[in-house]
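Below, chain A partners chain B and then partners chain C, in two separate complexes.
After this line comes the complex of A and B, so read on.
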C-alpha cells in the first residue's frame, strides 16, 4: 500500500465527522401547537409539544404570541405536563391581530434553563372587528441565551439535518474529482502522455460513483422531508443530467477499438462535460424555485442553513470526502495503468 | 473474493430487511427521523464498499491473467 499522510487524514476526518455529527444534540424545538387557529376575544389553552426540551415546573417559562416587532401577547398561565409538553393559557383581546383581519403569529417560548425557542406561523388569529379591544403590548425581553453546543432545530428536518455532513460533501467531492479529471484531460491533450488519460478516467469514475451516491442519499433524505424520492426539483433533475453526461464519457471511451483515438476523444469530451456541469449545477437551480436551500435567488451556505456549530463539522466533512475520493481514484487509475502495462507485456 | 461478495450481499439484505420491516415508515420517522440519517450513512458506506469490491474483482482477474 502506497501510504501518504492525506489518506490517514481522510480516515480520521471522516471518523470525526461521523462521531461528532451524530453525537452533538439538536437544539430544543417546538413540533406542534394545538389549536392552530382561533378567534380574537376568546380565552384559549395552547398545547405546545416540544422536541429535546426540558420543561420543568421549577424553571421559569414564559410564552408569547408575536405578530410583529411591536405587537406581542404574553401568556398569563403556564402548566407543565412533562418535559416535552406545556399548556399556555392566553386571553386574546378583541383588537388582535393589529391592522389586519387574519394574521399568522409566531410562538416564542423562553425557558430559563435552556434558552429561547421560536416557531414561526404557529397560529392564525381571526379578528372580530365589531368590538374594540384592550390590547396591551407585552415586550419580549430578558430572553435566556443558550450556551450548549447544539445543531439547529428545523421543523421539517429534525434530526435529518445531520445528513448535511454526508449528502452535501459527496457532491463537493464529486465536483473536486471532476475538476481534477479536467486538469488531467487538459494535460493529456497538451502532452499526449497516456498516463494523464488514465488519471482523468480514474478521477471521473470515482466522481461518478460519488454523484450516484449523492443522488441515492438525496432521494432517501427527500422521501422523509419533501415526501417523495423524486420530486422533480430543479436541482435533482440537473444533478441527474450531469451524472448522465459523465456516464456518456465512459460509453464514448469504451466504444473505440483504437486506444489513442479513444483517449483523445474522451479527453475533449471531458472538458465539454465539465463545462456543461457548471451551468447545470450552479446557474440553472438558482434561477428558478427549488426545494434545495441556497437556491431561488438566495446564496448557498448562508447563516440560515449552516450555523457556527454545523460549520465545524461540515467543512471537515467536505475535506474528508474529497481526500477519500482522491484515494479511491488513485487505486482505480493505478490499477488501470498496471493493467495496460501487463497486457502490453503479454502481447 | 466470493466470501467478500457473499458477506456484502448478506449485509445489504440485513439492512434492507431492517428498513423494510418498518410499518409505513413509522420507524424511520421515530426519534426525530434519526434513522433517515442512519440510512443515508449506510447507503454511502455500501456504495463505497461495492466500489472496492468491483476493484477487487478486476484485480483478481488481472492476477489470474499474469499467472497464465
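After this line comes the complex of A and C, so read on.
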C-alpha cells in the first residue's frame, strides 16, 4: 500500500476544522441598544442587549459612550437585569465637543471578567447648545483583556462567521483543482497519453462539485447576512458563470463517440475555459462594486476580519479542503481508468 | 506565409460570394430580429437600447460564425490539412469573421438607429466598442466553432461552449457603450478598453496555440 500520509492528514485537518470551527464560542457582543437617538441635556436609561454575555450583579461593569479617541461619557449607574441585559443610566450634558448637529457615538462596555465589547454607531445624539461648558470628559482606561479563546463577534454576521472556514476554503480548493486539471490537460496535449486526460477530467469533476458547494454555502450565508439567497452580487454571478463553463466542458466531453477525439477536444476546451475564467473571477469583480469583503469599501481578509484565533482554523481549512479535493479527484480518475480498462477487455 | 494567408483570406471571400444566400440569410436575420424588437418595444430607452444592441450583436455573431468550419466538405478539409499551415487557416478565418462581424454590427446599428432612434453621443468611443467587440466575438466564436463542428449537435454545443466565455466581453462592451451613450460618467473608460483589449489578446493567442491540436482530428 502506498503511503498516503496526506490523505490521513486531510481527514484530521477537516475534523479539526469542523470541531474547532463549530465549537469555539464567539466573543461576547452587543446586539441592540434602545433608544438609539438621544437629545443632549437629558438623562436616559439605555437598555443594552448582549450576546454571549454573562452579566451578573457581582461583575464590575462600566459603560461609555465614545465620541472619538479623546472624548467620551461614562455611565453613572448600571443595573443588571439578566445575563444578557443591562440598563446603563447616562446624564447627557448640554454641551458636547463636536461641531455638527448630530453625531454618532460608539458604545463601549467593559466587564471585569469577560473583557471589552464595542458597538460602533450605537447612539445618535442631537446637540442642544443652550448651556455651555457642562461637558465632563471621562477617560476610557483600564480596559479588561479577555483571555478566553473565542472567535470575534461581528454585527449581522454573528454565528455565521464560522462559514468562513467552509465557504472560502471551498473556492480556494476549487481553484487549485481547476489549475491542476489545466496542467494535466496541457500534459495530455503534449504527450497524447490518455491517463492525463482522465486525471484532468477527475480534477475538473471535483473542482466543479466544490464550486457548486461554494455557491450553495455562499447563497445560504448571503440569505442570513445580505437578506436574499441571490443578491445580484458580481462575484456570485461570475462564480455561477464559471460553473456553467465547466458544466459545458462535461457536455462537450460526452458528445463524442470516439474517446481520443473527445479527449483532445475537451483538453483544448479545458485550457481555453480556464483562461476565460481568469477575467471572470479576478478582473470583472474588481471593476464593479460587490457586497463581498474586499470590494466597494468592504474590508478584505485583513486583521479586522481574521483575528489570530480565526487564522488558526482558516489556514488549516484551506489546506485540508485542497487535500480532500485531490483525494476525491484521485478516486474519481482511478475509477474512470479502471472502468475504461474493463470496458476495453469486454470488447 | 503572408501570401498563403492572403490566399486563404481570398478563398473565404470567394466562398462567401459564391454562397450569397447564406450571407443574405444573416442580413435577413439581423433585419427580422431588429424588426421584432422594434414592434415589441416601439420606444426604446437608451439603457435598454444599449443592452439590446449587444444582445442582437451576440446572437447574430454566433449565427454568422457558427458555419465557419461546417460549410466546407470533409474532403476539402483534408486537402487543407495537407497543404496549409493550420495557424494560417485559423488566422484567415478569424480575420474574415472579424470583417464579417464588423459589417453585420454596423448594419444592425444603422437598422436599429432607423427604427428605434440613435442615442449614441460619442461616436468615436462607440466605434471602438464595435471594433473590439467584433474582434472578441470573432476570436471566441471561430475557435469554439472549430471545436463544436466536430460534434453532431454542433448548434447547441456552440451556444453552451461560447456564451459563458463571451460574458466578460459583453459586460465590458455594455459598460464602454454606456459611456458612449453618456448613460454614465466614467472616467476610467480607458481601463475598460484596455481590459477588453487584453481579453481579446488572450483569446486570440490561446486560439492560435491550441488550434493545431484540434485540427489534427
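Just so it is clear, the second predicted complex is superposed on the first by the 333 of 347 C-alpha atoms of A that agree within 3 Å, B and C clash if a C-alpha of one lies under 4 Å from a C-alpha of the other, contacts with A are read in each partner's own complex, and residues count from 1 in each chain.
Keep in mind that, in the parts below, a residue touches a chain if its C-beta (ideal position, glycine included) is under 8 Å from a C-beta of that chain, and two chains touch if they have at least 3 such contacts.
Note that the structure is a prediction, hence the values are computed from the model and not measured.
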First (chain B), second (chain C), both or neither touched by A:186: neither
Which of chain B and chain C A:271 touches, first, second, both or neither: second
Which of chain B and chain C A:332 touches, first, second, both or neither: first
First (chain B), second (chain C), both or neither touched by A:44: neither
First (chain B), second (chain C), both or neither touched by A:220: first
Chain A - residues contacting chain C, complex: 189, 241-242, 244-245, 247-248, 251-252, 255-256, 261, 264-265, 267-269, 271-273, 275-276, 278-280, 283-284, 287
Interface residues, chain B side, partner chain A - complex: 25, 28-29, 31-34, 36-37, 39-41, 43-44, 47-48, 51-52, 55, 58-59, 62, 65-66
Residues of chain A touching chain B in the complex: 18, 22, 26, 51-52, 157-160, 162-163, 166-167, 170, 206, 209, 212-213, 216-217, 220-221, 224-225, 324, 328, 331-332, 335, 338-339, 342-343, 346
Residues of chain C that touch chain A when the two form their complex: 143, 147, 150-153, 157, 160-161, 163-165, 167-168, 171-172, 175, 191-192, 195, 198-199, 202-203, 206-207, 210, 213-214, 216-217
